[in-house]
Structures are given as C-alpha cells and as structure tokens.
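The structures considered in this document are given below.
What follows is chain A paired twice: with chain B in the first complex and chain C in the second.
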Partner chain A sequence: MSKSKGASRTRFFPSRSMVLLEIDTDIYPDDAVMGAAYVFIDRCYVRLEKAGQDRKKIVVRLKAKNETGRHGLEELAGGFENELLHQAWRIRLEQSRGRLREYILARALLTAQDDDSEEETRGEHIGQEPGDYLEDPLGIAVPWEEKFGKDGKGG
Partner chain B sequence: MAKSKILNMDDSLFTDEAIEEAVDAFSGVAAIRVAPGDSGRKLKIVSRKGYDADLVAWEFGNYVIARTVEKARGEDGDAG
Partner chain C sequence: MKLPARSLPATAPYFRFRKLEDDVFLVTNDIGRYAFLAEDELQDLLDGEIVHGHERFAELAEKGFVQGGMSADEQVRIIARRNSHLFTGTNLHIMIVTLRCDHRCVYCHASRAPMGTRGVDMKPETADKVLERAFETPARQVTIEFQGGEPLVNLRVIKRVVENAWKLAEEKDKELVLTLVSNLSMLDRETADYLADNGVFVCTSLDGPKELHDMNRPLPGGSSHDSVLAGMEVMNDAYRKRDLDPRMYKVNALLTVTRASLDRPEEIVDEYVRLGLNTLHARPLNPFGMASRAAGISYDADEYLAFYKRVLARVMEHALNGVDIQERTAALHLTKILTDREPNYMELRSPCGAGLGQLAYDFDGSVYTCDEGRMLARTGDDLFKVGHVQDDEYRDLAGSPVVKALAAASCVEALPGCADCAYALFCGVCPVYNYAQQGELVARQPENQRCKIQMGVLDELFSRLQNADQDTLSIFERWTRPLPGQGEGGST
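What follows is the complex of A and B.
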C-alpha cells in the first residue's frame, strides 16, 4: 500500500518492518535528507539511494531495529518527514541569516580582542608601578657569594 | 541468514572518506569489496561466520551516514 504526499511517496512493508519514502530533492535538498537521516540512525536503520530521472529523488528506506507493525512504521515515516521539514527550514534560515550571524560573531570576537589588548596594556602599567616584586626585604634575590663570601662558609 | 549483500553508495550523498572509514571499522565482521558503481561506489559485503550480512549492511549504512554528516559539520572526533 502506498501513500502520496506530493513532496514524498511512502510505501509500507510491515512484514519486513520497513518503510520506503521517495523524497523530491527539489523540495528537500540532499543536506536536509542527510540531516534527517542522521537524527534517525539511533532509532532505526536508514538507507539512502538516489533514484529517478536526473537522480532528483532520494529513496529513503527506514527499517525498525525491532519488529514493528504498520502503526510503528507510520510513526517512523511521519517522524522522518517532520524532521525533514525541520532540517530543510534550518538550511533555508542558514542561507538567509548566515551573513548576519557571521557579522555578529566577527563583531563579538573583535570586541573580545579589544578587551584583551586593553587588559594587557593595563597590566604593563601595573608592572611599572613601584613596590611589589621589585622590593626584596628578605634578600632572596641576593646571590650566595655576595651574601656569604666566595668560600660559602658564611652560614 | 544472508551471507552477502550488495550496497550502492551514491557519491553525491556519501563521502569516500566516510565509506573508507566504515570499511575499516566493519572489517572484523565482514569482508567488504569496493568497486566503482554507476553513480558512486558499489560494495559487496560478505559477512564473516556468525554474522548476518543483511544486518551488517544496515549497520554499515548507518555508520556511513553518521560519519558523512559529522565530517560535514566539523564534528570530526575519533570514530573508534
């Protein structure tokens, strides 16, 4: 028994716990199909093959990891088609908003870089201030020979 | 239990690198011969004793999908 939904055609094989979907790549790009397949590999076995004239269709075979009936296969196919829609939308958004996101990221990195160099400059000033490590009240920086003489018997 | 299975891997969907990695990862459970196909690679999977070639082929397919997507997304961690 098969079911046609315009963008995809679905056939169920309950005896083999398998469902077959034909996806039109004019509507769902290859990357969307791959992305949906990736989401589903934990849930079931997925096989992808190009088909049709000009190889513009992708045949997706979903096989349940455990035996399942028609209802389980319908759920699997429906879930896959939903995921397909989600992936296709993500790709479309990525294409339209990609440059804006790159700009925001570049701006954020640039700001962080400015902050870092500002802190470094401030650090240099602090280093030049008198006191702190330049003072040696315990005489740690004084060489042994200078402190106890060349034979070293001072202590 | 099937002893061998033929798989077609379309090169517009799967990367050669992912297929090679999968062949390497599955060498313990099957002998896999790779030949050029009509639109990619044709693989003959001959399962080793005790393994079902059909099941190995399904697992192999999932592995190739995972590696192809992970590499494309730059999540290229250690597959082993």
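What follows is the complex of A and C.
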C-alpha cells in the first residue's frame, strides 16, 4: 500500500482514488508545497496537513476528481513531485537572482513607459562615455561619515 | 570531474557550461562569450589554474572567463550593448486588418475566417486609432506589420495606414518600417507598384515544392504555389524597376513545417534556391489557434530537429557553393552568439517582446501582448488581451499587469531551467507558448517542446562552430548582418 523514499512516504488508496504524499519541509519549503498543491486543484481535491513529531512534514492529500486506479494515482503523485521540485527551484532562484530580474524588468518597463524619446534614454544609460558612472556625480560612493559626519547628522 | 572543495577561485568569474560530446564542454558567460574546453581544461578553470602560462589563458582571459584580460568597463559596455532592447520601447505593431482569407491552410496559425464572412475587417476609424497608439511609443523606430487573415483583402485600410504612417513618422521624427505578410494571391501589378512606391517590405509563405505547398496551403479553385510564385515575380519586378537595393527589397518567405515536410528537407531548400530566395525561415508548428486542433500534421521535437538539421546542412551546402541564402533561425541565434548586437527578435530576447517590444491589434481594436496571445484569444481564451485602442493609450497598454506578468515570466536570467543553461544568452522563452502547452507562464523546461527544439538548434550551431573552417565562419558571419524589414525588430 505504501512506498518509502527516505524521509518521505507516498501511500496509495485506489479504492478511494486518493494518494497521500508526505513532504519533508527541510527539503521543500512550505511555499513550494503550497504552490505545487495549487497547480493541482483542477485535477484533484487537495488538502494539506502538518505532520510528524516536530511538525516538519506536510502531508498532501490528493483525491482525484474522477475515479482513478493505481496507475492514475502514480501519475498524479509523480506529477506532483515534479511540480514540487519546479516550485522549490523557482523559489531558490528568486532568492539568488530575483534582484537581477527586478533590475532588468524595471529598465524595460521604464523605457516602455518613458515619455522621453528613445534617443534621450539611450544617451542617458548606454551612450555615456565609459567610466562616466565612476565619476559618481550624485556622491553615491562617498562614505556616510565623510558626507554627513560621524554622528550621521551632517558634517 | 570534481567540483572544487571550496567556492570558486577569484580568477573564475561566473560561467555556465554544457557537455556537447565526449571530452568537449561548451562554456559561456554573461557577456556572451563562449569557448570549447576539454574536460581537463574545464577542471583547470574550476580549480583556478588557468593563469599566465596556461595554454588557454590568453583566449579565456580575453573572453572574460578568467581575470587578467578584459576590463570591467569593457564588460559593462558589452552587457549594455547586448541588452539594448531594454532601452528600445515597443517598436513592433502588428495590425490584423482582416480575418478573411482565401486559403485554407491546414495549420492556419492566424485562425482565418472564410472570404464571405462579414464584420471581420478592420474599420478605417479603428485603423486610425491603432496608428495613433503605435506612434505614442517612445521607440525611435516604429514597425507596422500588416497581417491577417489575408491582409490584401482589406487593401483600402492598408493604403490609409501607409499614407498616414509616413506623415506621422515625419511629424514625430520616427524611423518607419512597413511590412506586409501576405499569401500574395491578390497581389496585382498596381498593388505591387503601390507597395514598392511606399517602401513596404513583403513577406510570404512558401512550404516547398508545388505538391507539398499546395497540400499544406489549399487554395480553392487554384494552386497556391502557382499564385505565390506569380506574386513574388510581380513584387520583385516592382522593386527592381525602382532600383531598390535587392538585398533589402526582395520578397522573403516563411516555411511552416508539417509532418508532410519532414522527409523532404533537401527538396524544400532546393525549391527556395531555385526561386532565388535569399532567406529560408523554418518554423515548427505552434500550439496556438487552429494549429493546435489540426490532426495528423504535428510531430515531436526530435522529429523536427532531425528535419531542421537536414535543412541547415542543405542550406550550408548551397551557401558554400556561392549561393546567397541563409536560414533565418540560425542567423538570429548566430547574431547573438557571434556579435554583441541584440537582433531584437521578439521570441529570442529577455524579457520577451510581449507588450514591451510588440503589440498586436486585432481587427476589432482589441490589443494583445503579441500575435501569439491574439491567436490564443481566437480559441476563446483572452488572457493576453491588454486593452482596446479606443479606451487605452499606449502607456496603459504597455504598462498593463499582463505585460508585467509576461516580462517576469520571460526573464531567462532568473527562470528555472534557463538561468544556469549554457544557452541562456542566445535563447529566449515564450510564456504564451508555455501557457498553451503546459498551462502556466513559467515553463517546466525539461518537458517543454519549444525548449527542446531551441536546445537542439543551438547544439547543432555550436557543433558546427566547433568544427567550422574559415569558409563556414565567413558564411555564419555574413548571416549576422542585419537585413532591414526581414525580422530585425520584427516577428517574421
């Protein structure tokens, strides 16, 4: 009736068209489990419960909307596990690359919304002479203490 | 191969790699440079042992894979050039001037309406509004692409737009590109003269030899192949009579690949060469619109790739024999691989062109992020509609939450399956495709057919680059030169 996968367990209940997946939240963050569960609501009735002694596991109950045998349940469980990995990886990438994406999108959206001509925009951002940004006209690179004094209230 | 025990050494800036074959690894970096390394050389790179005196040091330093070659300033300039599309604004405006079409193509992406249908032509007042919106863009260059249905069915509106567009371009000091995507069956000499006089580029469809083309593109009461050949001759003749540059002003064609095409790549390429076409743009079927419903014409990614490799091989064979012909998919990828120029092809940029690079205006004035989004709407799902030309100004359209969602979902630098892919800088994703195929905007790339095709095409190109002689390199470099009106900042 059940198979063990290290810390995770998957149990099939063909007579009830249902499968239970036990997810280790040390591997998959809660948000990934939630995201994957949401993707499956068109195919299943989905329920999530905390489990385990230290409540570090989440049990996902997938109950197929249409009567489904063992094979169908295995496909559901496998599909869910793949989606879980997809969601977890997206979250991790968001943490490591989210800022980069924000910079790129901000630039693209600003340009598309810009009232200035493209030429002016390009002149400001790309066409500048190499090293112009090193001149630091806004004083961004000037240390706080130097700019405002040691107490931070101006010097 | 062993990963280094500690974090990468300071001499090894971020790079991505992919195993191409036994003992051949491709490494790429964020400034779009690439190198082929043997396994022990890759190990040296990982271990920080590629320093002065190492036989690969000079090349890898010059390409920014290790410190000591290219300056940080130069790398910043390259990144800016490679991302020029972020500073361009929405330049491609696709006008669906009618849904009516005389052809009954088996794969019709554009979801046509029969010729007798009423109420599916764009009205002149709607066209005026489209033009008004298009010229509100901050982009310096505005490209208007007429599509359908068969756009020549509504020639009256095309002429109105052409005339007004030239006036607006002068008033607003914009560079204007006009493109017509047509099956040419309704092109007579008078229309060809008009298009040539007004600098309209023309693109058509040619699926191969007569029998194959006519099977894919049935024209009731006639042969589509005969008609398109006649149309090309009339149009090219009109360009020639005006002494227009034949490299720019020459009808080019799109090749839509069906199952019936798969066994005949050489014949298809030879047909293009026989007709004197300079570009062949092979395109797989997509899951939008009526194409998704057509039974018996589709295939999987592996079958398409086998076909594509034979097409490319045949095109190269002709090119090496002095024929002036290029395969457009390869040319677009090679532009991103061999130069720092962003060709701004909407499906191959990051983020994709949806809303930020292009807008598609349906015959009734509804506006979509892109033509793919519009095609999906023809099947009843208008998720990618961003507004209407009567109600929404350009700023509202380009600033729509739908556009923002698609931009976030197509930024390859932060997408699962793309961020670490060796081909990230030479590729692009289509969230509308992902939605149509997989039900969500962010693809599960290992199961995504489009990703599989792009990876296969890039594998083939890098394999050819690895083994290229000087003649092959010269041809590839020639393909990277921009051809105005032939996809630069366009969709065709």
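Structural remarks
Note that the second predicted complex is superposed on the first by the 107 of 155 C-alpha atoms of A that agree within 3 Å, B and C clash if a C-alpha of one lies under 4 Å from a C-alpha of the other, contacts with A are read in each partner's own complex, and residues count from 1 in each chain.
By definition in this document, contacts are C-beta pairs under 8 Å (C-beta built on N, C-alpha and C of every residue); 3 or more make two chains touch, one makes a residue touch a chain.
Source: prediction; values computed, not measured.
In the superposition on chain A, contact of A:35 is made with chain B only, not with chain C. Once chain A of one complex is fitted onto chain A of the other, the partner contacts of A:46 are limited to chain B, with no touch recorded for chain C.
Looking at the superposed arrangement, the partner reaching more residues of chain A, out of chain B and chain C, is C. Judged by the touch definition given at the top, the superposed model places A:58 against chain B, while chain C stays out of reach. In the superposition on chain A, A:90 contacts chain C only, with no contact to chain B. When both complexes are aligned on chain A by C-alpha atoms, no chain A residue touches chain B in the first and chain C in the second.
Those residues of chain A whose C-beta lies close enough to touch chain C in the complex are 39, 82-83, 86, 89-90, 93-94, 97-98, 100-101, 104-105, 107-109, 111-119, 121-122, 125-126, 130-131. On the side of chain B, the complex with chain A involves touching residues 7-8, 10, 12-13, 39, 58-59, 61-62, 65-66, 68-69, 72. On chain A, the positions that touch chain B within their shared complex are 30-31, 33-35, 37-38, 41, 45-50, 55, 58, 63. For chain C in complex with chain A, the residues that touch the partner chain are 73-74, 76-77, 80-81, 83-90, 137-140, 350-351, 355-356, 395, 398-399, 403-404, 407-408, 411, 413-416, 419, 439-440, 442, 444.
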